[in-house]
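Input: structures, listed below.
The two complexes that follow have chain A in common; it is paired with chain B in the first and with chain C in the second.
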Partner chain A sequence: MRVELRLAGYGGQGLITAAVILAEAAGLYMGREVVQTQSYGPEARGGSSKADVIISDSRINYPKARHLDVLLALTQEACDKYFQNLKEGGTLLIDETYVTVSPTPQAYVIPARKTVREVFGKDTFINTVALGALAELVEELDHQAVKKALSSRVPPKTLDDNLKAFELGVNLGRKAKDAPPLKPADADL
Partner chain B sequence: MRVELRLAGYGGQGLITAAVILAEAAGLYMGREVVQTQSYGPEARGGSSKADVIISDSRINYPKARHLDVLLALTQEACDKYFQNLKEGGTLLIDETYVTVSPTPQAYVIPARKTVREVFGKDTFINTVALGALAELVEELDHQAVKKALSSRVPPKTLDDNLKAFELGVNLGRKAKDAPPLKPADADL
Partner chain C sequence: MSGRPQRELLCQGNEAVVEGSLAAGVRFFGGYPITPSTEIAEILSVELPKVGGTFIQMEDEIAGIGSCLGASLSGAKSMTATSGPGFSLMQELIGFGCIAEIPMVIVNVMRYGPSTGLPTSPSQGDVMQARWGTHGDHPIIVLTAASVLEAFHMTVKAFNFSEKYRIPVILLLDEVVGHMREKVLLPADEEVQVVNRVKPEIPPDWYKPYEVTNTGVPPMASFGEGYRYHVTGLVHDEMGFPTQVKSEVTASTDRLFDKITRGFADICITDSYQTDDAELIVVAYGSVARSAREAVDQLREKGHKAGLFQITTLWPFPRTSLENTAKVARMMVVVEMNRGQIYREVWRVSRGRWTVHKVSGTDGEMIAPQMIVDAVKEYGQWR
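Let's turn to the complex of A and B:
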């Protein structure tokens, strides 16, 4: 078992924190081997951000993500750029506000940004909503483990809001799973 | 130019955050290529924590740290375990409370934990003190870049305390640099 996940968007969306939480969920609470990586180069200096998580049931000798099983894209640019690295049949999770053109009808589309704006009045916690959706959509992730890792890493004062955001994300993930594939005409969301 | 740093200790000391800050300092504000990695396996489940940062002026093809230029050790276990990965003449930075036996007289010893206890009344910010000391001791790191990355990543409410902790660390690093090598008899601190 080897699962490669990439969380991509722009700096400030909290994707590194989300990746560290996923890594701790799998590494500390699910007994997996995990490597979590972020790279910074010219692109990052343009404001884009990407964090990778590789989860395995055995020692990870090659720590670079090459064939993604899961791609979370929170900007159109990230979606366009990394979709080519997603395996055929891999899970693409996109936000409906930030990503307006899906490269495939098989994408899971969630209104993460819209939801955090409505519920919290700001964009904070969009990463936690995404975590909830990932916990729901990626079968190798255990809800309780992700929740535990989330709880132990976020500032105590924000715990209640984070847990709320997580559950919102779980529900959005469930709805996205039950939604029919995007029609070709809908591929432009 | 390729510099490999490892920050090692136990979970809760904030070493992953410190490593992300170093990576952002070098990647976003110093124009370097950077790969920042944490791995989780059976050891991590025992409570130990380690985060690696590789900084280069060209593309990083091999993203694993193998020959460390810098090792920050905030537990005796981390020091004993990873000292063998430190290059000859590499920089070893240890805390005097957590690491009581130095594997070499050439170590830089700082009272990071003692200082944060005295100044803040708790262990929080020990990672930021360590960051300050690293910024001072590692010539490839630029003070202002580390400060900028620190400022943009910590919660705004903690910014003043973090900047204070950073400066304390810079001073401790400076003192450690000026201190004579540990005498063989002092190797047991």
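Let's turn to the complex of A and C:
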């Protein structure tokens, strides 16, 4: 078993935090080997940012993701740039606000930003919503493990909101899974 | 510190440096935060006060290493952490630490340079600077690490070597290892072998701070314990006072080198993978050793007799280990994120016994295994 995930967008969306939570879930609560790396620009926020997680049953040498099983893209630029690294049949998860043109009809589209704005009145929990959707869509991820890792990583006073955001994400993921594939015309959302 | 138990955690390379330093008994950090080493300062600013230690953010890196030298003279195990631009500023006082024989650990998490360069991108461009960055003929110990767990163990080693040999030790990580997270099982504090500096057992009046002893390393008194002595960057005699007497000058410099030369077998840490029958040896260190290991696996799958020589102690260069590993080798390929700094060392050691090629990563990205495999094919005989 080897799963390579990439979470890509811009600095400030909390993608590295989300990747750390996934890595912790897989490593500490699912007993897998795991490596998490990241790359971002020198800007404090706003520059492009990506975080990779590799989950495996065996030793992981090269720590960067190459053949993606899962790509979460929270900007159009990230989606366009890394879609080519997604394996045939891999999982592409995009947000409908940030990514308006899907490179494939097979993408899972969720209204993550719209939802967090409605529910929390701010963008803060978009990474947690994405985590919930990933936990639902990626069969190698165990819901409870991700939830445990989430609970141990976030500041205690935000725990309730984070758990709420996680469940919202799970539901959005489930809806996206049940939705028919995008029609070619719909791929241009 | 009450001993911490064995623990499994998801840990960043920089965090592992902190964990290792605490296990080794660090009690002072003076420095100036800089990407990609910042987490080390950040976490120690929280952890050091808990164990009765001191954290100071100084006005710059020169003052940072200066404060470490002073703290070490007073008996506290000291560390600073930086990256390229800060490492450049520290060079003069690294020399002071060498000649005054002051133990301390300097962590340089390498980023792409020169100057401000690419602050968040990896590089291994400081290998020669770590060796020769401070002026004058001097010995130095430089360690590196390829994984989060190695970052822990090499931090402990760095402290141990610095205490044992009374010398500044540089831990040269790259951004990939510094920021990468892995699942690690950290040993209980009581399982970690910790070396402390030898202190004088004679009365203060008899103490010669730079006496020639049979280990080559003089016992070191801490300031404030009643032993009065002189510390200087000038070449000094056994009492620590400046001298220009030819015999004393030579003896003092020779001893600085001799103490390290005698410790060669102890200091030089390397690892070999699939090298017993290897006709091609890939030489790598730091995060790149991970790519090299995978490249070796790929080459083996295609039936090529390839192996990996992983260098953990960069300086002094582990010449003997390389020679012993390369018994049947015909070709070496040195892979590093610079234009060929360790390549030159391997070439120097080769003396015509094997051909030496290099794979250079100079684009701010970690070298991928495929790049190594492709290069090896290009160098011939391995198609």
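The criterion applied here is as follows: the second predicted complex is superposed on the first by the 182 of 189 C-alpha atoms of A that agree within 3 Å, B and C clash if a C-alpha of one lies under 4 Å from a C-alpha of the other, contacts with A are read in each partner's own complex, and residues count from 1 in each chain.
Convention: a contact is a pair of C-beta atoms (placed from the backbone, for glycine too) under 8 Å apart; a residue touches a chain by one contact, two chains touch by 3 or more.
Note that this is a predicted model, so its numbers are computed, not measured.
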Please tell me which partner, chain B or chain C, touches more residues of chain A. B
Per the contact definition in the header, classify A:39: touching chain B only (first), chain C only (second), both, or neither. both
Applying the document's definition of touch, where does A:155 land relative to chain B and chain C: first, second, both, or neither? first
Answer with first, second, both or neither: which of chain B and chain C does A:66 touch in the superposed model? second
Name the contact category of A:24: first (chain B only), second (chain C only), both, or neither. both
Of all the chain A residues, which ones make contact with chain B and with chain C? 20, 23-24, 27-28, 33-41, 63-64
Okay, in this complex, where on chain C does chain A touch? 8-10, 35, 118-121, 176, 179-183, 287, 290-291, 293-294, 297, 366, 368-369
Which of the residues in chain B end up touching chain A in this complex? 11, 16, 20, 23-24, 26-28, 31-41, 44-45, 59-60, 63-64, 155
Within the complex, chain C is touched by chain A residues 20, 23-24, 27-28, 33-42, 61-64, 66
